[in-house]
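Quick one: this structure, given as structure tokens, is what I'll be asking you about.
For reference, chains read A, B, C and D in written order, and residue numbers begin at 1 within each chain.
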Amino acid sequence: MAAPTVEEVGAAMYGRDITAHWLGIALDEVRLGYARMHMEVKKEMANGHGICHGGLIFTLADTTFAYACNSHNQVALATSCMIDFVSPGQIGDVLAAEAQEQHLRGRFGVYDIRVTNQKGELIALFRGKSAQLKDQVVPT
Amino acid sequence: MAAPTVEEVGAAMYGRDITAHWLGIALDEVRLGYARMHMEVKKEMANGHGICHGGLIFTLADTTFAYACNSHNQVALATSCMIDFVSPGQIGDVLAAEAQEQHLRGRFGVYDIRVTNQKGELIALFRGKSAQLKDQVVPT
Amino acid sequence: MAAPTVEEVGAAMYGRDITAHWLGIALDEVRLGYARMHMEVKKEMANGHGICHGGLIFTLADTTFAYACNSHNQVALATSCMIDFVSPGQIGDVLAAEAQEQHLRGRFGVYDIRVTNQKGELIALFRGKSAQLKDQVVPT
Amino acid sequence: MAAPTVEEVGAAMYGRDITAHWLGIALDEVRLGYARMHMEVKKEMANGHGICHGGLIFTLADTTFAYACNSHNQVALATSCMIDFVSPGQIGDVLAAEAQEQHLRGRFGVYDIRVTNQKGELIALFRGKSAQLKDQVVPT
């Protein structure tokens, strides 16, 4: 079988990504080592202080990270992530996340993800580390 | 007005914590600088690899962190968090998170959160940094 | 007194930076929110495995971070740093670090630092958070 | 050859740890998954603000981490570290670092290190991740 294109790899992952659909995370673009997704902050995403729960900002960033680090068609899992919350997300905001590979050596990668709102303001900076497994996302 | 007890502070936060109720995160215990919560991994929490989405493990840990760092009745927000994923969570697992204050100086705190499954196996290690604001959780 | 140029701020810091001189860390360039420095890995910088001690790679990155986050002529201290070691440094290598401001809001900043060797290979990725104090580096 | 004791593993590492001797880092104790070391902050360890350079606090913590994660007599390298600086170190302070294994699964480990001064005040919290290689520290 021919190797799948990176768009096919992204589409295959997205087809079975239950959480992404449940939370309304849309896949905008995927390239080798890169992905962009967005999500509207719904009212059920408010924490006890009335702003977007940091866990859901993280989930958007982490999901985008997954599409970037799996774009090589090798199953990769997050091993460690860190996030800096620089500005709160408000209910009704549309948050976009952009993931860019910084380094990939052997099976270990480092990815930076920026989360911004609809005005282009920075909401969070995320750095994720990934480890590839032996499986392929789309078997060839 | 008398200062609220730590249980009253936790109950006040939980009453308006829409995300926690939406995701089924239950509050088990809150003490000064400490909180414990748990969550069942539902089938909509699966990522594209069929295991619990790391973002939801993070959200459980981050929520527990919030109750621990707000337990002093001073509104505190997460500024930065990091998580190490050491073992995957499976659909149907019941994950527990336990947050313990490591340091609080002025308005800045550091908290460690351990996430384990129903067998007591370690799922993730989380460290969060918080900054207190001027508001109180329960005004006195 | 006129506000100092960013080069004067960097030169003032470097003049009193005892550790930088002791370790042979040279200041190549400083601009607003940016700095570049380099250091030769001397034989006393070997750890128990015979490669450059990670603490000294960190120190080079952390020093470069300091020049970038103090470039606004406001004294800033590191509050939290993380480093990923992607390739070992060898004795005799000349390591360069380049720091770039990612975000500065109020008195809190986030900076990314890349450490490379003389062949341009990536050695480490560092992310640092800073907090400005009330003092100026060069009083005006 | 009989398996070495954990003290013999620590002594073998320390014997060839050039940086530790150069910086005056002393090894107090090593047990399985645990190590304690200390270092006096000398005047050449001052940064441009006159306090102990964060890179050297990191180096003390990172060194102690190395003895803890190599205590199983399997060569282990740091892959990723993060440090929170909670209080400055002063010239003349004696800083102690204590490393404790939090998790070891397969060849990957997570270790927490606390750095305190001679008054028992917390100076820094460090978390390090390690990966074991195939070599032994003391061949058996």
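For the reader, a short list of remarks on this structure follows.
Everything that follows uses one rule, which is that a residue touches a chain if its C-beta (ideal position, glycine included) is under 8 Å from a C-beta of that chain, and two chains touch if they have at least 3 such contacts.
Note that the structure is a prediction, hence the values are computed from the model and not measured.
When every chain is reduced to the mean of its CA atoms, the largest separation from subunit B belongs to C.
Set side by side, B-C and B-D show the greater C-beta contact count at B-D.
A separation of 22 Å divides the Cα centre of subunit C from that of subunit D.
If you average the CA atoms of subunit B and of subunit C, the two centres end up 34 Å from each other.
With centres set at the average Cα position, the gap from subunit B to subunit D is 30 Å. The set of subunit A residues that touch two or more partner chains comprises 79-80, 82, 84, 108, 129. Residues 79-80, 82, 108, 129 of subunit A touch subunit D in their complex.
Residues 82, 84, 86-87, 102-103, 105, 108, 110, 112, 122, 125, 127, 129 of subunit C are the ones that touch subunit A when the two sit in their complex.
The part of subunit C that touches subunit D in the complex is made up of residues 13-14, 16-20, 22, 43-50, 53-56, 58-60, 62-63, 66, 70, 75, 77-85, 88.
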